[in-house]
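Please go over the structures that come below.
Same chain, two partners: chain A is paired with chain B first, then with chain C.
Our next item is the complex of A and B:
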């Protein structure tokens, strides 16, 4: 197992080898059209150890972390957690945070789920 | 001085690759009482067995230890070999150095050490073995088949054909099972009812077959060759001996809105009903949950119209007790609940149906008379989407971990039949894999694609959304195109997982038959004894053992019948001499043993005992019926005074094994 795959698997806790390639995650994904790599490809590329491709792709910022794929994956692979782990590897490198905490108050409202706030910190360029 | 022989098997490389078999034979050969110790590549082979037999004769052995595979595999083989050389078969002990040693260890030195210890324990035990002689018991020449679907029907017919009486117990008012609900059968597309109903009639007419319909198993006792079964005959409020099945009552009954379970609730039936036209027995039954007369004493119309006076509102459940030599479980399957998968909108739209519901919608005897119409508005569907693997192949928290096996073929069947009958209909099938092993099976689904133009899409459906215009938005993935698709469908068919009947687990408990974690009955050996339960005298037929289609079910049902016939044609059965017995001098009459005995083998009696002071004392003591005891040993563990002991597995033998391991 290469180092990056190791880190993704450890951080996500996902058992990528459980994937049976049904494509349910991509079938259910609301951000599908915006993504270069789709949820099932995230799982497959991590399983193959091709994490660099994902790190370089804008797709990691397109996932809404809505967890629909986690909810519906029949094999318990939890693709959103894989995406989140790849994203974390990208943003933990210096200066990759896309939003500054000071920018947040202007962008939020009372209906915004707390979970979305946390991920928004690393996701959006706007 | 005892003379023990030790025989260490290599099992090819199964044992020899991980265990130093030569060292095991050499070390065990130095144990006291061991006069010969050999190793051999395949001890179960004829020449291996001859090595054992010759040694028994040449050295005058009075006990042997075989270091080999699990006793479940070859204990019988080696016992027979010993017996043919004149040694009592219960003077054979097996040290399991394969399943419990070589297969689970990687380090050769450790595995070898453990194999030697297991061998030493077996030697310690065999030194305390005593020759045992198996008793004999009779065989009741009658079989019981539980479940009247195609599996139970075929098994019963084959047993009856061989000349043995057989009873079918079916919980529904008619036999026929799921196959009676199907439209056509793959891969030949012949009409299901046309090939099933003659068999149902055969059952009714065969003088060796008795059908207890609308009945359930209440209790089971006894053992192989001699079971006693109590059958509950549920009140159907119709006298079976009088009803002619004319159906007049079912036309006049004023309660018209009872969901028709035969059509899976797609239409309604009356409170008094005959499940379907070809029902066997063709006898009406009154549904007590809906009948006005039974609920509040007002109505009685069916009784007035019945020309033979068969209606009996006062009928109650009755019980039949019958003895059987063999019992067949043929309890079949149910469709798993698909409403738990909210994304398929099964509960939101009438136009999302299961495949079994589609069978009824396409069946000439179904609610639509065989014309495929949408349940919501009765219109012809023009775009139909099939979704495969709904609830199958999941992690256990998400559904069934197994492949339901029949869905790929029946979906290809449905798709083909629809395209043939309604060529203007587009049919899409979302699949993960198409699994069609079997004679003419792969050719069958290829025909669906190549000749009937069915669109197979590699991918899953993520979401189904009912739209205001009555169509269903099916959102799915096409993995080969790497696209997310939206199909506007009129009808969606879910290939729901199949699961064992809900009644199977309680039945397994009554039969003391084992089950797997999915509630399928476990076979005695997955390859070599596929139609027998590990519990002697219990046999398995059909889907209750695992998912299978009709051809496989019928093959297995006949195989099961062959095994039952083999048992019933014996006059005497050799029992298991390893049974429990109670030391009356130590028994304190506490009843713990009788309470834990799963076979009801233990009874108590008051006995007079002469005391040291020459008085007589009456004490309550346990007695084990050796014909009923199966030698499970539960009583020996429960007994607080140590009075209960098991022949062949006595407390002293087991302690000797433990001592040998701890030495």
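Our next item is the complex of A and C:
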């Protein structure tokens, strides 16, 4: 098992080897059309140990953590947790925060709830 | 009945009415929400990664307070509910998490997942009962067609949340009926509004909110109800089609005649 694959598997707790490639996760994914790699491909590429491609892809920032894929996967693979682990590995690198506190004023308006900022910082920054 | 209450950050600023009407309507039903002292923001999102401990400690502190204040914590915001319930679940399925969290917190006594997390909607359903809600209504919302919007955070992952059937929920529809209104059936009620993606890729988030609002509008909704401030934001700001979106507590307060200017 290569090191990156091992990290993703341990962080996510996902049993990627249980995937039967039915594609149900991707069929239900609301971000499907905005992703280069889709949930089932995250699972497949991690199982193959091909994590770099995912780390370099914008797809890791498009997942909504809606958990539709987790709820609907017939094999309990939990693809969203795989996507989250890959994204965390990316943003935890020094200087790789996707969203910086300095970016926030330009993105905020008077109606945006504090919840949105807290959540976005959890997702896009370390 | 008294119950420990976790309001969360957004209910103390942008969504003040969500907080105020939750407490007032609960009180009208004989249930006092006792705010947890010195609560901290739950973080808005539960991080599923197993090696994330520090980001979950605020939720653990709230859970431990709930245990000490009678055994339960009630929330109104969908995101707080989701974070607290997922965090609590981790204690029950992951001994390593329990060990690490308690090493950090040095709580006295240690916390092991003893509290239960409830949402105000399921408190209404399971304990207060929709019959009691109906009996308290003084200003029934007759003739109103209301689209219940669940989104993601109340329903998934269902294993941890145990809120309702994740694919065919009914608690909000039963809530709407108890207020004398008619629930609208529409296919997008448990699909994502775009969530926090509005900060990363607004156009992508807009597609999501448009799909949800369009589906509610096509099925004849007069307005939508939600429990989530971020859903409220996306559905009102990001969708091109405009239907009013209201917090469920606001509608409840109106039906109870607790809002200023409301017909008694």
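The criterion applied here is as follows: the second predicted complex is superposed on the first by the 102 of 126 C-alpha atoms of A that agree within 3 Å, B and C clash if a C-alpha of one lies under 4 Å from a C-alpha of the other, contacts with A are read in each partner's own complex, and residues count from 1 in each chain.
As a working rule, contacts are C-beta pairs under 8 Å (C-beta built on N, C-alpha and C of every residue); 3 or more make two chains touch, one makes a residue touch a chain.
Bear in mind the structure is a predicted one, so any value in this text is a computation, not a measurement.
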Dominant toucher of chain A (residue count), chain B or chain C: C
Chain B versus chain C as contact partner of A:32, first or second or both or neither: first
Which superposed partner A:40 touches (first chain B, second chain C, both, neither): first
Touching partner for A:11 - first (chain B), second (chain C), both, neither: second
Chain B versus chain C as contact partner of A:85, first or second or both or neither: second
Contacts of A:112 with chain B and chain C, given as first, second, both or neither: second
Chain B versus chain C as contact partner of A:61, first or second or both or neither: second
Touching partner for A:22 - first (chain B), second (chain C), both, neither: first
Shared chain A contacts, counted only where both chain B and chain C touch the same residue: 33, 68
Contacting residues of chain A [partner chain B, same complex]: 18, 20-29, 32-33, 38, 40-41, 68, 72-76
For the chain C and chain A complex, residues of the former touching the latter: 8-10, 13-15, 41, 43-45, 47-52, 55, 77, 79, 152, 155-158, 166-167, 191-192, 194-201, 204, 207-208, 228-230, 232-233, 236-237
Residues of chain B that touch chain A when the two form their complex: 341, 343, 389, 393-395, 397-399, 432, 458-463, 475-477, 479, 482, 484
Residues of chain A touching chain C in the complex: 10-13, 30-31, 33-34, 61-62, 64-68, 70-71, 78, 80-81, 84-85, 88, 98-99, 107, 109, 111-120, 122-124
